[in-house]
Structures are given as C-alpha cells and as structure tokens.
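Here subunit A shows up in two complexes: once beside subunit B, once beside subunit C.
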Partner chain A sequence: MTSYVSILYLLIFLPAVLLVYNVLPKKYRPIILLLASYAFFWSISRKLLVFLLVSTVSIHHIGLWLTAVQSERNDVLAKTERSGKKAVKALYIRRQRWIVFFAACVHVGTLLVLKYSGFFGRNINTLLQTAGVGLSVPILKLMMPIGISFYTMQAMSYVFDVYRETTKADKNLGRLALYMAFFPTIMEGPICRYADDAEQLWEGRRSTLENLTFGTERILYGVFKKIIIADRLNIMIKTLYTGYADYDGGMMAVAAIAYTCQLYMEFSGTMDVVIGSAELFGVVLPENFRHPFFSKSISEFWTRWHITLGTWFRDYIFYPLSMSKPLKKLTSKARKKIGNHFGPLIAGTMALFVVWLFNGLWHGAGWHYIFFGMYHLVLIVAANFVEPFTREFLEKIHIRREEGPYRIFRMIRTALLVCIGELFFRAEGLRAGFCMFNKMVTQFTLCSFTDGTIFSLGMDKLDFIVVALAVLFVFAVSVVSEKGTNVRRLLSTKRRIIRWAVCYGLILCCIIFGAYGMNYTPVDPIYAGF
Partner chain B sequence: MNKKTKDIIGCISFMVGLIILFAVLSVIFVPKDNSRAAGMEAVQANGILGEKENTIDYIILGDSETHSSFTPMQIWKDYGYTGYVCGTNAQHLYESEKFLRQALKHQSPKYVIMETNAIYRYSSIENAIMAKAENYFPLFRYHDRWKNLKFSDLGGSVQYTYTNYSKGYRFEDRIDGVENKEYMKPTERTKHITKINRHYVNNIINLCKKNHIELILVSTPSISNWTYAKHNGIQKLADQNGLTYIDMNLLQDQLEIDWETDTRDKGDHLNYSGAVKVTDWLGTYFKQCGEFTDHRQDAAYQSWNKDLKRYEKKVSGK
Partner chain C sequence: MKEQIIEILEDIQPEADYETCRTLIDDHILSSLDVLSLVAELEDEFDVTIPTVEVIPSNFNSVDAIAAMVERLQEEG
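Right after this comes the complex of A and B.
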C-alpha cells in the first residue's frame, strides 16, 4: 500500500478489516484492529516494524515506571511531615525527569539518528572543510520506518502526560500498542493523544449505518480533493520547481499558489480519508484542519492547519518553556521595564523560536525547512509587536478589523504570506527558494499567461478549468462548514434521491476527472515523507 | 420490513445503481475506433484490431524488446507469413493477457510468442486489480477522454479502422553500441518469478490452450536485461508447462549480434540491424515448423503488399 488513497487500501484492505471487525465478537475487535495495523505497517516498512514494536514496549515500561515512582512518592509523602514534603516532591520530580529524559533519548534519539544524521553529518563536514580540517564524519544512509515522525510524537505525548499525571499509565500493552499503531493514523497522523483515543479504539464498538455512511462520505470527499486537485496539479508543480530557471516571475507566483493548493488538498484530503476510515469503526479522531484559508493572521492559520502538530508543540514545548522559571523571571523583569504588552513578548519569542525551529526541522532535514520555520516565527513575532499600533491606527481611521472588506483583506494577506512560505518549503533547497522568490518579486510579468507558457507545463485549459471548479466546490463546502453547519449531517436530512445523487456525483467526478491511470504518474503522499 | 432489512436493500440498490452508471459511462468513454484521434492508447500495438478477421498467423506479446526486435514485414517479405507485434513499452503481463484476449476476438493465430522480459517485470497487486477493473469497466482506463468526448460517443458503435503498416514494429536505426562481451555466464541460480506474474503467465497459457495456439517463450538478445539466472527461471517455467523456450541470448553463433552496431541504447534494445537478424532467425524457424502458408499471392492479403512498400520506404530512409 503506497497511500491511503490507493485501490489496495480503499477497496481491499479497509473493507476487509471492516468486515472481519464487525463479524467478530466485541472482545476480539481491538485485536483485529491491532493485527490489521501491524499488517499495514509491515506492507510498507517490512522489518522496520521492529522500531514501532520497540517504541511501544518502551513507553509501556516507562509509563509503568513513572507510575511506580509516583505511587512511591505518594506513600513517602503520606508518611512525611508538612515541612519535609517540598523536599520529597522535588526529589521525586528529579527522578521522574530523569525517566522522561531517558524516554526522550530513546524515542527522539532514534528519530534524530534515522532522520537527521545525514543532514547534521553533511553540515559538520561542510564546517570542517571550511575550517580546513582534513576530517569528515561518515554520512549514514538509514532506512526510516513509515510514520516515525508521527508515532514518536504520540509516544512522547503519552510519556509527558503520565509524567504530568494527566493520564494514568496503561497496564494493557495491547491498548497502548493500538494507540501507537492504529493503521489510519500511522502514516500521516493526526497526532493523537492517549487520553482521547486509546479507550475508544480498544472499546471495539460495532459500526453503525451512520458510521458507515458518514465515514464513506468523508473518505469520498478526501479522495475528491486529492486526485482531482492535488494530483492534477502535480505535473505542473514538478515542472516549475525543478526548472524554475526557465520561467519568469509570474510563473513563480503560480508555483507558490499551486503548491500551497496542492499541499492543502493533498494533506487535508488524506486527513479526510484517515478520519473517515476511523469513523467507519466508530472511532472519532481529532481534526487536523479547520478551513485554514479563512485565517486572518499567521498565528490563527497555525491553529487551523495541522492542528494536532501545533497543539503538540504548544503543550509540550511552548508552555513548559514559557512557564519555566528563567523565562518567567525574564517576563516579570521585562514587564517592569517595557510594559505589559512588550514585556511578555521577549520570553514568548524565545519559546516560539524553539517551537518554530522544531516545527521546521520536523518537516524535514534541510535548511529550507528551518527557514520555513523561521519565516513563520518572524511573521508571528512581528504581528505581535505591531499589534497595539495596528489597533490604534485602525481605530483612528474607523476600520473594524473583524468585519467587511478589511477582514477579507486580512484573509487574502495571510493566504499570500502562507504561499510565500510554501514556496521555500517546496523549493529544491534554500538557494533555489531564494532564486524563485527573487524572480517572483523582481521579474514578475504576465507574459507566460498570454504567450501560452502556462499551458505547456503539463496542464491544458481543461485541466485548469477542472481544478478551478473543484477548488470552488471545496471552497463552498468550507464556507458552509465555517458557518457552523455540518454538511454531512445536513445531507443526511435530505431525501434519499438527493443523498444518492450527491454520492454518485462525487464518485463519478473522482473516476472521470481524477489524475490517475495510464497518463499519470502516481503521486506519493507528501506528508508521509516528513 | 424492519429497518435493518431496509438498510441492506438500500445499500445493495445503491451499489447496483453505481454499477449501472459505470457500465453506461464505459460505453460512452470507450474509444470508438483504434486510432489516436479516437482516444485509443498504444495505437501501434492496437493496430491489430483493425486487421481483417483471421488474417494473422502469429502474435508477439511483451515489452519494448518486442517492438525493437521483431519486424513482421520482413517475414512477410521473405516468407509471406503474417504477424503482429502487440508489444508496448514496459508492458506488464496483465496487459499482455489483455492484448491477447482482444486480438483473439478477431484473429486465430497458430503461434503466440511471449517475450520473456515482461515475465520479470514487477507487477503490483494494485495495478493488477486496476487492470481487472478496466477490463470490466473501460471507463477506468479511458476516463481521461472527457476532454475529447464528442456527441457521437454517446451512442456510437465501436468500429476499428486503423492498421499499422509496420505491424507493431517501431523502426529505430540509431546506433549506440557497447563492447561485445560474454553476459550469459552459466550459473545454477534461478531468478524467481513472482506469484502474481506466474498467475498471468498461467492465464496466457490457458488462453492459448483453449484456442489451440502454440505458445512459445522467446528471450530476445539484451545485454542489459538478460542473465543466465533469468534463463534458468524461464526454462523451468517452460519445462513445467511443456512449452517451447528459445533463448536468443544463447544463439549468438546463429544470430551474430554485434553489440557495437546492433543496439540503439548500449545493449538494452536492438536497433534495426539487430532486429533484421532476430527476425531473419524467427522467419527461418517458422519455415522449418511448416505450419504457415505463404499468403503473398493471396488476393485477401493485398493490403500487406501495400504496407510492405510503405515499410520499405521507411526503413530505407527514402
């Protein structure tokens, strides 16, 4: 299986698992899900499944270890007088921190070695070469198990939650294993939390007709986004990003917008398939997208795009850092000197720096990914700094920022800033990213639109029309959803003929207008590579 | 009727409706002719569909090695036997089977030659399923024709009119040679044939048996693609199924392929001069088999003589 939008997954694997799951008695259902998840993992990463198994066993033990330390602490605290309790707590916190540190070494260490050793090795070698040292570190070419970036974050969130005592360590290895390996989420997320998902996964609820209908509709919508829009744009995007030197600034703008569109449709489409697949089993997964292009600022954008990654960084990096003693101290000092608005921004920016550095690196081992992170950091920090001035200025000229044309202006501005970031993100290296950006700004012309170049990139007029109509359809659905209407529930209230017509329409659109088959090269899932 | 029964009937009705839609749209989307303009893919190989009924003596299946190595017009010129190369680039065995099934609807060849390189091509289960779906509902294969659909596609009947004058052979006289070397070093090793490919080979074998056709496995000369381990694998397959296997890579003394001049891409494919040698050998083989009759004077085959003129003009570069 190469992706969730593949025949093998959608027409063979998923229906087969669903059938067996529902036929078997309740107590066997979670086991079927677990076995199916390992089979899914095995079909992609073969023997690298051992990494997932080791991770699972390791967090199971670490969780129990933390719990043992915590209960020992509670016993000791019960026997300790009030004056000594603080010291006991501090002692046990230190012990727990060492355990968490050990867990991080095992899980994040594995991820670092497998994913980043090549990147760090190359950069160290460049430094050594520049310094004239005649040494070099060997560059290892290591195989990476599928979804390691995702399941490592799930593993660490479990450890952190047990450490924080917001979650109890699970004695049931099977339940923890299913939380780690559940096949719809293993390849591209969403990054789930143990407290939200483990129990419902292990419950083994029978699929209801509503589950099956809603799940299938969601899957269909995801396939629609992926194969009609994202995959059809792929040839043009590949041509523009690999041969950017041959095209003008106008085409670079097309490259930036088209890739942003592709990435959104690809990733959110896959998430629809993933969430829809889980829904078939009666499992509700967290949403990863909430119409990000309705965002009015970059900060808001990141609360709507890849939500589970953002909340992970917020809960396990940003909050602990900004609530740490040194940063709290810095904030209180800064408040006194530069005021209540700018004071907290310094410490907040330091915490955000770490978050965005990790965010960039999480996406891949490359400087353009780090730049991508820093680009968003700068935009967010700049917006925070100018916020009081903007507010004051808008009040003076009587413009309401949350209403009317100014709101739309903010949305378009945010979307354009996102497109620029994605240009660097997709570029074949940081140098190429800057070249493309430079061209877009300094050599912007509309010549390529009038001389026919635009139609020589692998997409003809009809392709553009189909993509535009499909984007409009997704936009319309997003507008309705943004207003708070559950589109699938709304559809379920309609007469059967209307429901069926919508489903037939979606299926036939995917089959007729989808970019698959003899004239297309299959597109690998983008986020599975991160 | 209780709710559960109603739901089940609803699901079944939905699926039936969908299948009917697929069937109707397949009729609309399938190309109405075998020409490129009508939306047919692999027109050279599909040119066989435009040939007169029961006029083809032998059919060649396989990947690019076939349309680089066999030139049926040469055999026509020398012996008057009619053949067609249904080979396409990177052909998978499920495609070979499909070509054969399509061809057998209108032709009754005595021999089918299966070039063996395709037997070692990786075929994913996914592609095999898709190929099966395409057989039932051509909509999946020709869905991209939405761009060129005409009103006549709505109810038009299928009529194949295109024929290819070189009968599936793709002329290429470019020389990009490679040093002559011994690449068929005997070994005991046997290259494994995947289950999925074995399944399709069996389908082709059964199809030939059912139609009283002799299936011959042939490995054309290729330094880049062929090895002795592959030879052993195919020999084993041939022995298990009682098939004739000809490995031209071991017939160097008869074929006299000069890899410095007879290849267009450093030993991967033969060029025209290499194809002439291979085809010459095959023509002699057919002659020795004595199964075919010479059609050159047969009035029903006069189009072949016209095609020969065009073919000769092409290969002579005039």
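Right after this comes the complex of A and C.
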C-alpha cells in the first residue's frame, strides 16, 4: 500500500475499515481506526512504527508534564502578592521552556538525524577535503519512517499549544495516538492541529449518507487529478529532468510548467483522496489547497498552497521570532526612523529567512531545496519592499490592481514565478537547476514543438489531448469554487440521475484515461518522500 | 478606542473597509508583516504587551476583536 490511489487502498483497505467501523458499537470505533492506522503504517514502514509509537508516548508525557507545571504555577500565583506575580510567572515560563526544548530535541532531533545526517555529513566532508584536513565524518544510511516530516510537525504543534495553554493536555493516550497516526493523513498530511481533528476522531460517529456521498465524490475527483493528469505527465517530466542536456530552452519551459502542473495535481489530488477518506468517517480535516493559481502574488500563493505547512511555520516560527523581544525592539526603532511600511520589514525579513530556510529544508536534504526556499524569500521581501512604489505608480496611471486585465496579469506573473521555483525544486541538484534555467532563458526556441521532439518524450498527441482536457475540467471546477460555490453541495441539489452520471463519468474517465497498468510504472507519491 | 484602532489600520493598509470587515486575517487583507506593524502600533498606543499567543486570527479579524483583545490585556496588566 504505497499510495492513497492504489487499488489495495481504495478498493480493499478503505472499504473494509469503513465497514468494520460502522458495524461495531460506537465505543470500539476509534480503536478500529487506531488499529487500522497502525496496520497502514506497518504495511509501509514495518518495524519503523516504533518511531511513531515513541513520538506518541513522548508527547503524551510532555503534555501532562507541562500541565503539571502550569497547575503548580497557578497554585503558587494564588498565594502570591500582586507585586511578586510577575517573577513567579517568569520562573514558570522558564521551566516550561526547558520542557519544550526537551521535546524539540527528541522530535526535531530524531527528524534531523534520520533525514539530514547524510546531507550534513557529505557537506562537512567536502569542507574538510577543501580545507585539506585528512578527516571525514562517517555517512550514516538510515531508514526513515513514512510521514515523519508530517507527524513530527503535528507532535510539536501539540506541545506548543499545550505550552501556550490554547490546548489542554490529553490524558487519553489512545486519542493522542489516533491524532498522530490517523491513516489518511499519516503519509502526506494535511498537518493537523490537535484542535482540528483529535476530538472528532475519538467520537466514533456513524457515517451518514451525506458523509459517504460527499467523501466518495471527493475521492473520485482526487483520483481523477492524480492518475489522469499527474501520472500521465510523469514519463515526460522524468525524461526532461534526467536528460535536460539533450533538449533546448523551449523544452525546459515545458519541464517547468509540466512539473508545476504535475505537483499540483498530484498533491492536491492526494489531498482530495485524504480529506474524502476522512469525510467517509464523518471527520472534517483542514483544507490544504485553495486554488493557488488564482493568487496575485507569491505571498498569497503560499496562503493557498500547502496551507497547513504555511500556517504551521507562521504560528510556530514566524510570529514567535518576529515578536521576540529583540526583534520587537528593532521593529519599534525602525518604524520611527524609516516609517510604518519599511520598519517591520527588517524584523519580518529576519524571521522570514528562518521560515524559508526551514521550509526549503523540510522538503528535502539538498541545496536545491534550500535555494527553493531562498528564491521565495527574495520574491516575497522584494514584493513587500516595492509595494508602496507600485501602489503609487498604479494610482498615477489609473490602474486598479484588483480588477480587470491587471489582476489577470498578476495571476499569470505569479504562476510563472512559481513555475521557475518548481524547476529548481524538481531538478536533479542545484547545478542541474541552474543549467536548466539558463537554457530556458538563453536558448529558448520553439523548434522542439515543430520538429516532433515534444512527442518523443513519452507522451503522444492523445496523451497531450487527454491531459489538456482534464486540466480544463479541473480549471472549470476551480473557477466555480473560487467564485464561492460549493461544487459538491451544488451537485447534491441536482436530480439523482445527474449525480450518478457525474460519479460514473469520473470513474469511467479514470478507468479509460488513467495512467496505470502494463505501460506505466507506478508513480510514488511525491510529498510522501518529504 | 475603536476609532484609534481604525486610524492605525488605515495607516498600515488603506485598502479596506474597517468599519464592516470581519475577516481581516481570514481573507488575507492584513498580511503577516501588516500584523507586525499593527502589534507594534497597538503596544505603543495603548501601553500593553501583546504576547505571541494572542496573535491568532480570531483576535485580529475585526476592529471589535482587536479592541476586545487590547481591553483584556489592559485589564490583565
């Protein structure tokens, strides 16, 4: 079971769990979900399940430890005079911070060792070699449990929220375990907060007809995006990114656009399957995408793409850093000297640097991922820097930025900038990324479109037509949703024959046009690798 | 207090109707950097300290919510 669109998951595992879940009495339902989640994890990562179990027990204990310190603080505060309360609060905040630091060492430390020790080791060895030191660091080859980047963030968000007292520590180890391991989210997110889904999951509500219908429709739409568009594009993308030296700049542009399309369809499609799977059990998960290609700026793009990752970085890194005492002081001083717009930009940029460094590294241990993060940092900071000048200039020439052609221009500009970023993201290393970008800019020709090269990359005319029509369909659905219409709700108001026709239409499309079977190598989920 | 807050907000981001809008954060009318400016201004103007834990969408989505948060922090001292 290596993917949420595998036959084993969709036609055997998911229906079986759903059936058992609904047949059993309410009190056993969460247990079935937990057992199914561990079975799912075991089927992919085998004995590495122990990492997930240790993480779960650890945050359970740390949560209770923090609560014990907080209640002790409250007792002491109740007996303390008003003048001494500040000192008591400071003392207990220090104690809690040590506990959070310990939690970070356990969870982020494990992630660092398993995911990044090879990367850091190789770079240290290169440095030592360059410096002529005859020493080297041993490179460890470690196995990584599936979803560790996702569940580690969930674990840390729980610890932070208990520390901030926005979430109460959970005494129920089973509920916490299910929050950490819920099988639809374990591999690719969304990165849930405890308040998002823990209670819902443990409630064990029976699936309603609406849950089953809406969940199934969402799953079908996700499978459609993944196997008709993302997987069909895979052969061409692989050919272009591994053999980029053999192709011209026009093909590099195709590589950038096609990969961006593949990544979006793959990840958002998987999210549809994930959110739809949870919906079958009556569980509402947070959305991870909100039509990102309607964004008018890179900042906006990141509020619509992988939303739960962005909000995690915003809440637990950006705000705590930019609102730390030194940066707050810096903002105050800078505001007085250089004004209200540029003042916060200095502290904001420092915090954003850390956010984007972590964002890049989170995606993988490689310099091209770090470059990907820095690329977005530069675009966001530059856009913020020129913002007052742009506003003034547009006012002078009487262009309304939120309306008409200028709005469309901003969307296209953002989409193109995103495509360039994704070119580096997918490239086989930073050097390859720069080579491809250089070719795209300096050797751009349309020759490969006319001499037949475009059809020699693993996709024939029919493949292109199928992908184009499927993308148009997704685009049309996105336009309707962007305008505020809930497509599935709209569909539910139609006659039964229309609803069945849509469902059967999607199933038939997936069966006829899906990229699976003998001629296709199964495509591993991209984000599961992060 | 609300008038002062609206004045601060208009100085930071003029393109919004602060009298009626109740989704300043949810609809991304205020960016993260705008929130930094706003927090700094509110702290200066009303002599309060706004801790990170208070920087959540529900406290910044409307002028009413901002005013309620500031009043609460003033009371807590």
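The rule we apply is simple: the second predicted complex is superposed on the first by the 530 of 530 C-alpha atoms of A that agree within 3 Å, B and C clash if a C-alpha of one lies under 4 Å from a C-alpha of the other, contacts with A are read in each partner's own complex, and residues count from 1 in each chain.
Simple rule for what comes next: a contact is a pair of C-beta atoms (placed from the backbone, for glycine too) under 8 Å apart; a residue touches a chain by one contact, two chains touch by 3 or more.
Just so we're clear, the structure is a prediction, and the values are computed from it rather than from any experiment.
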Of the two partner chains, subunit B (first) and subunit C (second), which one does A:S448 touch, if any: first, second, both, or neither? neither
Quick check for you: in the superposed arrangement, does A:Q154 touch first (subunit B), second (subunit C), both or neither? neither
Taking the superposition as given, does A:N384 touch the first partner, subunit B, the second, subunit C, both, or neither? second
By the touch definition at the top of the document, which applies to A:N340: first (subunit B), second (subunit C), both, or neither? second
Considering only the touch criterion stated at the top, classify A:R496 as touching first (subunit B), second (subunit C), both, or neither. first
For A:G514, decide between first (touching subunit B), second (touching subunit C), both and neither. first
Using the superposition on chain A described above, determine whether A:L209 touches subunit B (first), subunit C (second), both, or neither. first
First, second, both or neither for A:I7, with subunit B first and subunit C second: first
Touching subunit B in one complex and subunit C in the other: list those residues of subunit A. none
Given the complex with subunit C, which residues does subunit A contribute to the contact? 164-166, 299-300, 303, 314-315, 318-320, 322-323, 328, 331-332, 335, 340-341, 343-345, 347-348, 384
Note which residues of subunit C are touching subunit A in the complex, please. 11-12, 28, 31-33, 35-37, 39-41, 43-44, 50-53, 55-56
Tell me, which parts of subunit B touch subunit A in their complex? 7, 10, 14, 17-18, 21-22, 25, 29, 41, 125-126, 129-130, 133, 139-141, 143-144, 146-147
Which residues of subunit A touch subunit B in their complex? 1-2, 6-8, 11-12, 209, 460, 462, 496, 500, 503-504, 507-508, 511-514, 517-519
